[in-house]
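Heads up, there are several structures right after this.
Both complexes below contain subunit A, partnered by subunit B and then by subunit C.
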Partner chain A sequence: MEKAVRLDASGTGRASRLSEKTKDGLFLAAIISPALLLLLFTIGIPIVKSLYLSFYDVTLLRMKSLSWNGFANYRNLFADGDFGHSVAVTFRYVFTIVALQFVLGMALALILNGKIPMRRAIRTVVLIPWVIPTIIGALLWMWLFQPQYGIVNYVLQYLHLIDKPLNWLSDIHLALWAVTAAALWKQLPFMVTMLLAGMQGIPGDMYEAAMIDGANKRQQFWYVTLPMLKNTIQTVTLIACIENFKMFPLFWIMTSGGPVDATTTLSILSYKTAFIDLDLGKGAAIGAIWLVIMLLFSWIYNRLFSIGEGKGGGAH
Partner chain B sequence: MNRSRRINGVVSALILAAFLLFLLFPLYWMLLTSFKDNSVLFKLPPEWWPSNPVTSHYEKLFADKVFLTYYRNSLLVSFCTTAVTLLASTFAGYGFSRFQFRFKSLAMMSILSTQMLPVVSLLIALYTMYNNYGLLNNRGGLVIALTTSCLPFSIWMIKVFFDGIPIDLEESAKIDGASRFGILLRIVLPLTKPGLFSIGIYSFILSWDDFLYSITLINQDALRSLNAGIAIRYIGELSYDWSSIMTVCVTSIVPISLLFLFFQKYMVSGLTAGAVKG
Partner chain C sequence: MSKHWKTGLVTLAVAGLLTACGSNGNNNDSSASPAASSGSPAADEPITLKFASWSISEEATKGALEEMANQFAAQHPNVKIEFVGIPFGDIKQQTFVMASSGNAPDIIQTFTASFPTYAASDIVRPLDDLLGQDYINDLLPSYKEDYTYDGKLMGVPWAPSPYVLYWNKELFKKAGLPDRAPQTYDEMLEFAGKISKLKTDSGEQVYGLGEATEKLPINGMIALRNIYSFNGSVFDADGKVNVNTPEVIATLKYYQDIVKDGLSPQGAKLKDLRNLFSIGRLGMYADGYYGRKVFQNLSGKGEAFDSVWGVSLIPANKTGESVSIGEAHGLVISKDSKHPEMAAEFIKFLTDRDMIKLYHDNSDVMSARQSIGVLPEFNATDFDKTLNDQMHHIKALPTNNQGLEQAYLEIAEAVQKVTVAGESPEKAASELDAKLKQIMK
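Up next is the complex of A and B:
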């Protein structure tokens, strides 16, 4: 309120006051409408339309004459079992990748927050994989995981950790891990950078006070660093969860959802249903349930983070 | 005490080295593979350092007209997306930062939560809409779709930047009789340069990374962008020609690497400002 009033108050005299206010309103409308219209056109309308399509029998080849088929799309989904399977795969993937990148990211951020030589340079180069396009990362890791000539199998065999080459991407039990490794490579830098930025925002006297009270390094981590990082952790892990729920290119390029659906996540399943099997209605139904899952998920997530505190602390 | 500290130091140096290896070695391997002749490529044990680097893969790639078309399309689409995102998000972010209006926080929340929506749901509806309006196979249509995937976080980032600029300057300019657009363009924007760099780089990276929108909304080879083109053309045909694939990869990260080299300072400050304060 305050800012707008101050801008208003600088108008000259009472007579122009009302017109100043209208001018402000018009100016505001003019500057925010382009963004809002764009968002409405490619996100607002499509999401409503997609919910609507999920109740119709509509395929890519026949988009003109829609016929209402009630909940048939949804019933089919639950009837053929693929859906439940892909929900399970998605959650397994999201949980693994976010947990891994959080724990490893925290470890690396703690190291980089300490006094180490060439700290600046290391912080910079560590960020590089983050800017590499996802599909380039996917191709690169396919080459690293290549069964006969890939470097991963070679090194593991050289170290006698495995005795014969593994088919990383075509083995039911390994494929999801291989994709997770590629995802970790690409996403770890972002996690580290965010956690590090959060750590640098913690005032140094907090640690001094803890040290005076006789806290050792480990105690400082548990009782100073972690609680102070809570908001950052909540934000970055939620971003990571959302990004990975949506992850499409890595799976599409590396495994196309195979072998035998072992890596078919919700985004792969809905894409295949809509654009390969050409069943837009059913694809939209998957999206609708997915949306409900996301809403529930982020609600529970935020609830979990607000346990043990009266009302969310700090800014936002 | 001293000894345990030294052991700690050694352990963390080892862990750091392992992390660096994990993050950087794949990139080195990509670069190295692109200079290996096919006869060297399939040798075991592999060559860790090229004994006889060849540039033939690059020569072949640059002779490929289709690849150059993809590349040009990608540059065009990414630059346009960046420009449109910059315009729309700067204006909107300024509005959100400087004015109070009803449903403001609800609007900001809804804009940010669009990030959560399943992309494929959006794509299904967007595909039918684009089909009706003739926007399929249209690079402009792709730019619009990509812009809106960049917008939510860009608006947020630039709003945070505007929040950090004191309003006094604008007030005194206003007393001097400057128009609102004049204030925004001549006084506020120059002060926001780091913020503009941040969102510009963010949107360029995001649109250069796009794969899903471009394989869905475009299916004519002449209009395809790089990622879609690579996936469709190079993976099927050359599935065993890893040197060529790595050459494509190296070439396609050049623009992003240049951006990174010159502007990484802004990348970090923008992202952390946006996400940590969020």
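Up next is the complex of A and C:
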């Protein structure tokens, strides 16, 4: 490319009506346009249509009659209290699951990064929950938590940890924890794999240098491993947050948002509103606010991770 | 990863929801034949009738439905019945989405709790002119009322069933109880208390009486059976919504007590009760005609399990006589159907003597047509007789209203509040009253 530019510039090349930069731009546009068009049709148009519907009184009961109702869908959302409750449930769930995933994932990754027997086999086994479809996992955990004949209660009673069966999925204080446990089982392998990959990318001489400086294992973790994993951590935790913000199948199959809305997250509320109550306008309004929440969350998250960057120092 | 890239990632993630809400979708896996989309057909013009059904997806009923379609096709060589199998829990939203995209099936299977939503929508059509007055007059009055909206018959009660009481003879014997079903609610609770003291051979808890308390519209509808038994109603004497009454409060207290006292499992779905009953861990519960086949399957003992249980009328309570509700798998015809006459012809065929007999032999289905219900083949066993007897002891559900399905859901939530969240029956009834007044305006 550089050679071609020089030739043209010296005037020895064929005269061109378009500059090289323009040609490059057109070439890139030609390559990327099929993907952009696909995204536009599969995601862009539905988003725009959804935003459009959020300002209409539209129900699947009468799709042939749309009527503009301004911000009424949004006003109703904030007026009935269910929306605020589901936002709170969603954030509680996301923070809990991501925190647990990160701590346990880091611990497991450190173990698997060490020299342990059958390391390769264990790394493969750890991946099993990840490859099981979420719906199958949800059904499996629903049966495990079944109060009358589920194995969780059986084991806990056998170990005398509880004296009577717990209603894991129908107790307002336990249901969210039960779904969180199922989600943790399903998603932990991804966190472990990503963190492990990040750890394996840390040059060995960093640890050697740390050891020469007298750092013990704990100090190596805090001052070498963790800072070097910063970008990986930022990426995987953000992905985990997004994944859980939109988590639907585990909640729908295990609790359907109950009992008494104790596990009604934004995804459950929007689905119920749009496809159970058949109120597409209100469902679309939930989706629109959800989009704003996610964008804000992502922006704040990235700002937090960028603190200290560009000031000549690392995170440590 | 750049910030822009991450922002894009977030946008893509949320787009899933927006896509779901924004697109009408097209879940239909096949399309009608060209002939089927033309105008009014000639007698020999090829017709494809699309029939959305959950029964075709279920092993227990699939064979019977296919046989019915084959027999209809034999009588009408130009007609092809094309089943669109949709699971029970998804059929309402899927058929509404199909209809909104101009792809509605000709015939849709529904059930009593969901029917009001169809009836109040613009996707189904009245059936009075298609079925004729003789056919309509033959329907049992309460079932006819349950499938009527705004004075018009909007659906056909195809596979009706009253809720009857199933009781486990072995558990009764083990608890030292008489070999008969309880006659009154008080007796039922007394029996349930004794059964609940039992344990299985492996030490597991046995429940005396099961009531479904999961938050589902069907469970709210089932709760009406208890509200009626306590001489309550959703409406007051002036026909206005009022559930903040001593009768409804007594019903909620009944639910709260049986869960608190360990007579009934907490947060149970109907299928949980069926499971528990089939494995000998539940003494009594109310269900439809489906019981026998379900128990045979779930118990793993087949027909041998038939001798373990008995069936009886719902015990009498405050009204002094047995009161139940009728549930029915129903059929509606899409407003956009190009062949409503043929669709109605097929519905008549499905509900005639031969086809209901076929369905009855396969799955114990009864008939909502009075002229068929009295026939000997539908009264051959004690089970049949009890079902038929109970069908004459049912109280019609509330008059269909656009918000009725949501109202059922709210009733189920009130039951959940008192059984799971420990809310007082008085408070739950008061909150329910406010919600129903808003929903059923």
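In the analysis below, the second predicted complex is superposed on the first by the 278 of 316 C-alpha atoms of A that agree within 3 Å, B and C clash if a C-alpha of one lies under 4 Å from a C-alpha of the other, contacts with A are read in each partner's own complex, and residues count from 1 in each chain.
Just so we're on the same page, a residue touches a chain if its C-beta (ideal position, glycine included) is under 8 Å from a C-beta of that chain, and two chains touch if they have at least 3 such contacts.
Please read all numbers here as calculations on a predicted model, not as lab measurements.
In the superposition on chain A, contact is made by A:258 with subunit C only, not with subunit B. Residue contacts after overlaying the shared chain place A:89 against neither subunit B nor subunit C. Within the superposed three-chain arrangement, the count of touched residues of subunit A is higher for B, of the candidates subunit B and subunit C. When the two complexes are overlaid on their common chain A, residue A:271 makes contact with subunit B and with subunit C alike.
When the shared chain is aligned, no partner comes close enough to touch A:98: not subunit B, not subunit C. By the touch criterion stated above, A:114 is placed in contact with subunit B alone, subunit C being left untouched.
In the superposition on chain A, A:242 makes contact with both subunit B and subunit C.
Look at A:178: by the touch rule set out above, it reaches neither subunit B nor subunit C.
When the shared chain is aligned, subunit B and subunit C each come close enough to touch A:46. With both structures placed on the common chain, the touch criterion links A:28 to subunit B but leaves subunit C unconnected.
In the superposition on chain A, the residues of subunit A contacted by subunit B and by subunit C overlap at 42-43, 46-51, 53, 60, 63, 146, 148-149, 231, 235, 239, 242, 245-246, 267, 270-271, 274-275, 280, 283-284, 286-288, 290-291, 294-295, 298. Per the touch definition, subunit C reaches subunit A in the complex via residues 1, 3, 6-7, 9-24, 93, 96-97, 99-100, 117, 120-123, 204-205, 213-216, 265-268, 272, 275-276, 279, 281, 402, 406, 413, 416-417, 420-421. Note for the complex: subunit A touches subunit B at residues 1-4, 6-7, 10, 23-24, 27-28, 30-32, 34-36, 38-39, 41-43, 45-51, 53, 58, 60, 63, 104, 107-108, 111-112, 114, 116, 122, 124-129, 131-136, 139-141, 143-144, 146, 148-149, 151, 154, 158, 185, 188-190, 193-194, 197-198, 201, 231-232, 235-236, 239, 242, 245-246, 248-249, 252-253, 266-267, 270-271, 274-275, 280, 283-284, 286-288, 290-291, 294-295, 298, 315-316. Subunit A contributes residues 42-43, 46-53, 60-65, 146-149, 164-165, 167, 169-172, 231, 234-235, 238-239, 242-243, 245-246, 256, 258-260, 267, 270-271, 274-278, 280, 283-284, 286-288, 290-291, 294-295, 297-299, 302 to its touches with subunit C in the complex.
For subunit B in complex with subunit A, the touching residues are 12-13, 15-16, 19-20, 22-24, 26-27, 29-30, 33, 41-42, 44-46, 84, 87-89, 91-92, 94-96, 98-101, 107, 111, 114-129, 131, 144-145, 147-148, 151-152, 155, 167, 170-171, 174-175, 180-181, 184, 205, 208-209, 211-212, 216, 227, 230-231, 235, 242, 245-246, 248-249, 252-253, 256-257, 259-260, 264, 267-268, 271-272, 275-278.
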